[in-house]
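Please find the structures below.
Shared between the two complexes below is chain A, which pairs with chain B and chain C, respectively.
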Partner chain A sequence: MNEQLLEAADDELVVGWRDSEWTGIAPLLEEDVAFSSIAQNEIGHARALYELAARDLGTTADELAFDRAPGEYRCSTLVALRLVPDWARTIARRYLYEQADERRLAALKASDDPEVAGLAAKIDREEAYHRMHAQMWFDRLQDEPRFLEALEKLRPLVDDRGEQPPGLAELWEEMTSVRRSVAGATW
Partner chain B sequence: MVTAAEVWDALAEIPDPEIPVVSLVDLGVVRDVDVQEGRVRVDFTPTFLGCPALEVMRDAMAERLRALGVEPEIRVRNDDAWSTDRITPEGREKLRAAGFAPPAPRAAGAPTLVELRSAVFRCPYCGSTDTRLENMFGPTPCRSLRYCASCRQPFEQFKTL
Partner chain C sequence: MGSAGGVGGSGVIYEVFRQERKGQAFQHAGSIGAPNLEFAEVYAREQYGRRQESTALWLVPRDAIDELDDFVDELGRTYHRVDGYSLKAKLKEARERAAARSG
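Up next is the complex of A and B:
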């Protein structure tokens, strides 16, 4: 179960970081707000999932999120890619990611562990808004060749968790730089 | 000896950090209070898990209860038993008066785009339902932005959860 929780948490943390890269530079002001809010919520989901995993593993959410080596993350290649400033690919990722996340949450909701099932149900309620946002953009771009090409290219990466994903090492440097730079600090 | 009623009263004085017109008790995020021999346990559920005010709320509750002379345990419960239907009638009225449209009741299934785009949401300023969805997302995860075509006023709509 901890494997599944960590996989979900790593995906949510990393997709949250990648979505937050649009803050201030999205093509529409509305999307600045939307991407910032979605990113914040995904990272909140990561925190709750890490907290649940941390309890069994005898560690903390922060240590799981930021004190592992890049090679230890279980996130997919899809979420680790740096996609700014490509809006078509970014929307394609949001769409594909939310579909995959919905399937994963359905499985976690059926867990025998009431804490896992309860958390998954709460996250799923919140993700409904992310899914509607993705659907809205899908409806808008579904006839655009660039968007369709992006969907086709990114689709195989949804469940690609083999090797360390390209882009993750650089992202890990950014995510953990402040934490690592101040030895002994308690945040 | 502190009673559960005194704990509830104390928690009802703590404003929500993001929308201070309502208290944590108005918001319904305090789910349970258990008092036993000088120890107080408070069960609490955040609105959205991405809520930036989660720690602030937890610390504010702990501080307020220590002022009552008890050692609090604030237990965060992340499950689906809480919903925006738990916002009290007083809380809903305070939200409306401050320009935040209270959330629609939770349905069995997930909300849909068709619903959010429909004209059933009432403007908190003039009461008209001639309103439209501007952005599903707003300044915090729990809010979306709508526009009232009747009084030409944008307003924030509390999301249903």
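Up next is the complex of A and C:
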């Protein structure tokens, strides 16, 4: 179960990080607000999932999120890609990710562990808005060749968790640099 | 403030009204710029609905609103209006007078 929780948490943290790279530069101001909010939600879900995993692993959410080596993360290749400034690929990723996340949450909701099932249900209520957002962009871009090509290229990466994803090492450097900047700091 | 040739243009401005509790009157909440109604709905949910702060939202294209604001008070007969006599201001004055006397 902890493996599954960590996989989900790592996906949420990294996709949240990558999507937050659009803050301030999205194609429409209204979209900027919505997209940044979604990114923040995903990081919030990551925190809740890490907290649940940390309970059994005898550690903390922060340590799981920021103190592991890049090679220990279980996120998919899809979420680790840096896609700024390609909006078509970014939306394709959101669409594919939300579909995969919906399937994963359905499985977690059916868990025997009431805490896991409860958290999954809570997250899913918020994901419903993310799915609406992804669907609205899908409807708008579904005839755009660039979008369709992006969907096709990214689809195989959704469940690709073999090697360390390209871009993850650089992302990890950025993501943990402040935390590591003062030796022994407890923040 | 010229149009940037429609590139990334937000299309329609929708005025958003929200109802806080069932049965209450809708109140203006703000506006949303969106390319079409589908986008406007998602953005409105995001900004005004999904934290349980509203029981319902109205989305109205700004262009559909007929605004009348040409109410000229030609003769200055404020005594014809119900707000012509402000009890609040009179009370405030009276309180100040009382305070000045006792102080």
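Just so it is clear, the second predicted complex is superposed on the first by the 187 of 187 C-alpha atoms of A that agree within 3 Å, B and C clash if a C-alpha of one lies under 4 Å from a C-alpha of the other, contacts with A are read in each partner's own complex, and residues count from 1 in each chain.
One rule holds for everything that comes next: a residue touches a chain if its C-beta (ideal position, glycine included) is under 8 Å from a C-beta of that chain, and two chains touch if they have at least 3 such contacts.
Everything quoted here is computed from the prediction, not taken from an experiment.
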Given the superposition on chain A, are chain B and chain C in a clash or a fit? clash
Contacts of A:C75 with chain B and chain C, given as first, second, both or neither: neither
Using the touch definition from the top, say if A:I123 reaches chain B (first), chain C (second), both or neither. first
Quick one: is A:Q40 in contact with chain B, with chain C, with both, or with neither? Answer first, second, both or neither. first
Looking at the overlay, what does A:P27 touch: chain B (first), chain C (second), both, or neither? second
Looking at the overlay, does A:A65 come into contact with chain B only (first), chain C only (second), both, or neither? neither
So, A:I91: does it touch chain B (first), chain C (second), both, or neither? neither
Thinking of the overlay built on chain A, is A:R140 touched by chain B (first), by chain C (second), by both, or by neither? second
Mind telling me which of the two, chain B or chain C, contacts the most residues of chain A? B
Between 39-47, 75-83 or 93-101, which chain C stretch has C-alpha clashes with chain B? 39-47
Going by the contact definition given at the top, which residues of chain A touch chain B in one complex and chain C in the other? 30, 33-34, 37, 126, 129, 132-133, 136
Quick check: in the complex, which residue numbers of chain B touch chain A? 48-52, 54, 77-83, 110-113, 116, 134-141, 145, 159, 161
Touch list for chain C against partner chain A, complex: 8, 10, 32-35, 38-39, 41-43, 45-47, 50
Quick check on the complex: what are the chain A residues that touch chain B? 30, 33-34, 36-38, 40-45, 47-48, 114-115, 118-119, 121-126, 128-129, 131-133, 135-136
Could you pull out which chain A residues touch chain C in their complex? 27-31, 33-34, 37, 126, 129, 132-133, 136, 139-140
